Amino acid sequence: MSELTDFDEMYQEIVLDHYRNPRNKSKLSRDFLETKSYNPFCGDEIELQLSINDGKLEDISVTGRGCAISQSSGSLMSEVVINKSINEIKEISLIIRSLLKNEEVQEKDLDRLGDAFALEGVKKFPVRIKCALLSWAALKDLIDQY
Amino acid sequence: MSELTDFDEMYQEIVLDHYRNPRNKSKLSRDFLETKSYNPFCGDEIELQLSINDGKLEDISVTGRGCAISQSSGSLMSEVVINKSINEIKEISLIIRSLLKNEEVQEKDLDRLGDAFALEGVKKFPVRIKCALLSWAALKDLIDQY
Amino acid sequence: MNVSNIRKDFPILDSRINNYPLVYLDNAATSQKPRAVIDSLVDYYENYNSNVHRGVHTLSVKATEEYENSRIKVKNLINAKSSTEIIYTRNATESLNIISYSWGKKNVHSGDDIFITPFEHHSNIVPWQELCRDKKANLRYVPLNGSGDIDMDKFRSQLSQRTKLVSITHMSNVLGTLLPVKEMIKSVRATPAVTVIDACQSVPHMPVDVQDLDCDFMCFSGHKMLGPTGIGVMYGRSDILNEMPPFLFGGDMISEVTYESAQWNDLPYKFEAGTPNIADAIALGVACDYLQDIGLQKIWDHEIQLGEYAVKKFKSLKNFKILGDRSKEKRGGVFSFHHEKIHPHDIGSALDKFGIAIRTGHHCAMPLVQSYGIVAASRASVYLYNSNEEIDKLIDRLSEIEEYFSGE
Amino acid sequence: MNVSNIRKDFPILDSRINNYPLVYLDNAATSQKPRAVIDSLVDYYENYNSNVHRGVHTLSVKATEEYENSRIKVKNLINAKSSTEIIYTRNATESLNIISYSWGKKNVHSGDDIFITPFEHHSNIVPWQELCRDKKANLRYVPLNGSGDIDMDKFRSQLSQRTKLVSITHMSNVLGTLLPVKEMIKSVRATPAVTVIDACQSVPHMPVDVQDLDCDFMCFSGHKMLGPTGIGVMYGRSDILNEMPPFLFGGDMISEVTYESAQWNDLPYKFEAGTPNIADAIALGVACDYLQDIGLQKIWDHEIQLGEYAVKKFKSLKNFKILGDRSKEKRGGVFSFHHEKIHPHDIGSALDKFGIAIRTGHHCAMPLVQSYGIVAASRASVYLYNSNEEIDKLIDRLSEIEEYFSGE
């Protein structure tokens, strides 16, 4: 698979790495919030566990099954949000959503995404945006409840 | 209105003459069969009275209102069928129907139509065929009852 | 507005009919199409034809994008709040039936009133006759005053808490009469009724704003507004659409199906079952662009001017009468006429000999036409590409035809 | 059959996608269109666009003639007795819904049985779920035997005088499985039930004869058989259609309207309310000509050969499994496949990189796909213009993709 195309921007090396070697996959043992999110159209599944203490996300577990985009997005997300405050996480969620929906995002906001910035390539593939946002939507639902 | 076109074939001089000066228009005074036929789409109306004796059409009256084609067709018809036997009239009805529906008609059958042959021009105008056949259909209904 | 430039955009207007240049005055039946609309169909089928929604391959993504883009163009044309309020249908007739089947069956009950006007097209009569028969509701006609206009006071007095739906044509397709829809909708707001505008003859010709009119539904057909056949629009306010059950069931309108049951998709898809008319929807978007580029106010002004010109000219023909003629503030570019002696079909055929296309018959508005004591009329209707010279040709030929049939 | 000549008739097949020549294997979703079909749209809009029926001017007469001619072509394609049995709809989904709304509401009662098979597309499931819910009837699934085929004996034993409608797909759009529709219809004849064939995947690909099959209804979509989007067909036996109430109400489907009531028009117009999709109906006729000129038996033989070739090639890929594979007598040119580890969406996106268009997802047949323990599958489907070389490309890229995603 040579030539650099939109495809390669979507499946960047870092995205594939998180797909092949997902981070933060072990289930939490202490108290946690939990949710399971599901996209009926393609069957992607994401299961989240969050351990929140004093307004801060102390630990996270992301498991699931589905396409490379939904699964790597969950893994990338886990790395960005861990040890951040709920407020920060809410802001980061909004930034990633704007990025993928092709809305304007400021340079300094992009920096806050860390490696999850690699998901930018998905924005050229409208049908796949839902995949990339599946875990982020689940996270938002959970912390909105908190 | 110069140039000879399909239009002129439909509105031949003889057709227009029958439209402007309809024949057999006086209502019958002796015993008769009667029908009124009506095309809801354009409002053409034909009223027929037949006086039949011994299997022969002894007199006919055709009145109505509507377009030049439906009205002249009624007048032309009255001239062809008067004094003919019911069987002959049935045959002539079929011939005119075939002529207008563009089916093959034999030369010797065409001769039996008399001036009503002038209706041939209508066959190029599918929407007007119903107009030309209105009185013929009414006649057929009436003699089928007989 | 430069009519001769506009005409260049419409390939069919170069045609000759029976050796005469085509004079197309049958626009209320369907409009002609500019090259841009025809090209968009070719472009779709030659370059990105594909089924829409959920496809991951390039063609499908592009087709989906263009299909949804066209929805935004329609939304902008009528100033809807959101493109999810634009439902694609086959034509205005289907749009009206969806309201009757989906909203009507759920919300109209025995003893309720549905109001329409005496000016309606069959498509805005028969669905309500059926619904009323089914539900034992009453189909009532908005009352007219002595001059044949809506009697607003009497109408208001007939409205009640039993009034459930009021469906009115924005402009009559027979007489060209404009109805006071905004005022009527305002009166209806005191009742629980929803309001439906049959905008078949208005959206193609004048600026129309659903938020300003404050209607709940609006229906119109693409083929009368420079778009292709086979695509129409049902606009509905999203809060109302959300509460309505789906109409057709099948692919695309569901979000989940098991062997036992199904869950409905979001708006607008809930009302778009099966593979949509993708190519024609996209082409309708192009038609909207074309109309907006020229400007609907300009188009309307042009048609009003043509109408005035035609009405004046008609007065020179003493045996032809215009049906339901009104002042220029109350009419658009549609006029039906009648000759005491010559049947509309003969007039239509004779005009066609000279390349002039008008419509003759009941114009799918039998009750209205019959209220004039006739069963058929001749109708000429104009659009942006028609000119005063074409009106002249019509009038000249009509007087010639009169001589011809009377044999004088 | 000369595929490379045929390909020249399809302009889109010259496209390049991501710098690769387009390999279009998404034919079960929608087919591509030959130039003749595209040209017929342009011809219509440039030369004789007009509303049909009752117009006396030249354009209207010509449009009406061509519209009705196309109906005769469709009639001939499926060997119906009369062209009045061909009803134009938007798509197969609408066709199925008309049967459910019009025939179903009148003839299905509480406690009755409706049978469909486990192979159906959502469009042949959800309308019946709704009808059964509405009527308190039972939606039953034709039983399968251990090898996943229709269990004819068991099916016969479940039929009764309460069976009112049996609707079956001629060929599965997911698995390519051919169902024994003729045999099933024969069994159903002992009951009062009408039979409906969803022929979306058969009429475009093989000779189909409604009189030989002896079905009461048949539904299919123009866009899957080289025709444009927005036009579909509901075939119905005329004696049955005559007894059915109309579905949509409005212009064209009536013969007479007063302010109080309406009378229905004759077949087929009774079921075609409003301005039809004239241009696309005419173009569908051209598609029928194209298919008949090549010959549906030849097309079918070609697709069977392609299918066999593909199935054999697939066996070389050890981690890809074909779903519900069957012997060549029992399958057409549609095959869905599954990889234990790689999600269909990733496969679809990756193939698209190389210009190969397949469909991924639930294929509007969620229950069937889920019966394989998965929620999504990848589907390749062929048509007359596909070649063995294109199958080779698919297979080669699939093995490349496997390496890519596993990182080996």
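Think of it as A, B, C and D in the order they're written, each chain with its own count starting at 1.
Going forward, a contact is a pair of C-beta atoms (placed from the backbone, for glycine too) under 8 Å apart; a residue touches a chain by one contact, two chains touch by 3 or more.
Just so it is clear, the structure is predicted and the values come from calculations on it, not from any experiment.
Asks: Based on the averaged CA atom positions, which chain is farthest from chain C?
Replies: A
Asks: State the pair with the higher C-beta contact count; candidates are A-C and A-D.
Replies: A-D
Asks: Could you work out how far the Cα centre of chain A sits from that of chain B, in whole Å?
Replies: One centre to the other, that is 82 Å.
Asks: Could you tell me the distance, in whole angstrom, between the mean C-alpha positions of chain C and chain D?
Replies: Taking the mean C-alpha position of each chain, the two centres sit 31 Å apart.
Asks: So what's the Cα centroid distance for chain A and chain C, whole Å?
Replies: 48
Asks: Express in whole angstrom the distance between the two chain centres, defined as the mean CA positions of chain A and chain D.
Replies: Inter-chain centre distance comes to 39 Å.
Asks: Where in chain A do residues touch at least two different other chains?
Replies: Each of 40-41, 125, 127-128 in chain A touches at least two other chains.
Asks: Where does chain D touch two or more other chains at once, residue-wise?
Replies: 18, 54-56, 60, 256, 345, 349, 352, 360-361, 366, in rising order.
Asks: What does chain B use to touch chain C in their complex?
Replies: Its residues touching chain C are 1, 3, 5-8, 10-11, 16, 19-20, 40-44, 66-69, 125, 127-128, 131.
Asks: Under the definition above, what is the set of chain D residues touching chain A in their complex?
Replies: Those residues of chain D that touch chain A are 18-19, 342-346, 349-350, 352-353, 360-362, 366, 374-376, 400, 404-407.
Asks: Within the complex, which stretch of chain D touches chain B?
Replies: The contact residues of chain D facing chain B are 54-56, 60-61, 64-65, 255-256.
Asks: In the complex, go through chain A and note every residue touching chain C.
Replies: Residue list for chain A touching chain C: 40-41, 125-128.
Asks: In their complex, what parts of chain D are in touch with chain C?
Replies: Touch residues, chain D against chain C: 11-12, 15, 17-18, 22, 24, 26, 29-30, 32-33, 37-38, 41-42, 45-51, 54-60, 90-94, 96-97, 100, 118, 121-127, 129-130, 139, 141, 221, 223, 228-232, 248-254, 256-262, 273-280, 345, 348-349, 351-352, 356-361, 364, 366-367, 370.
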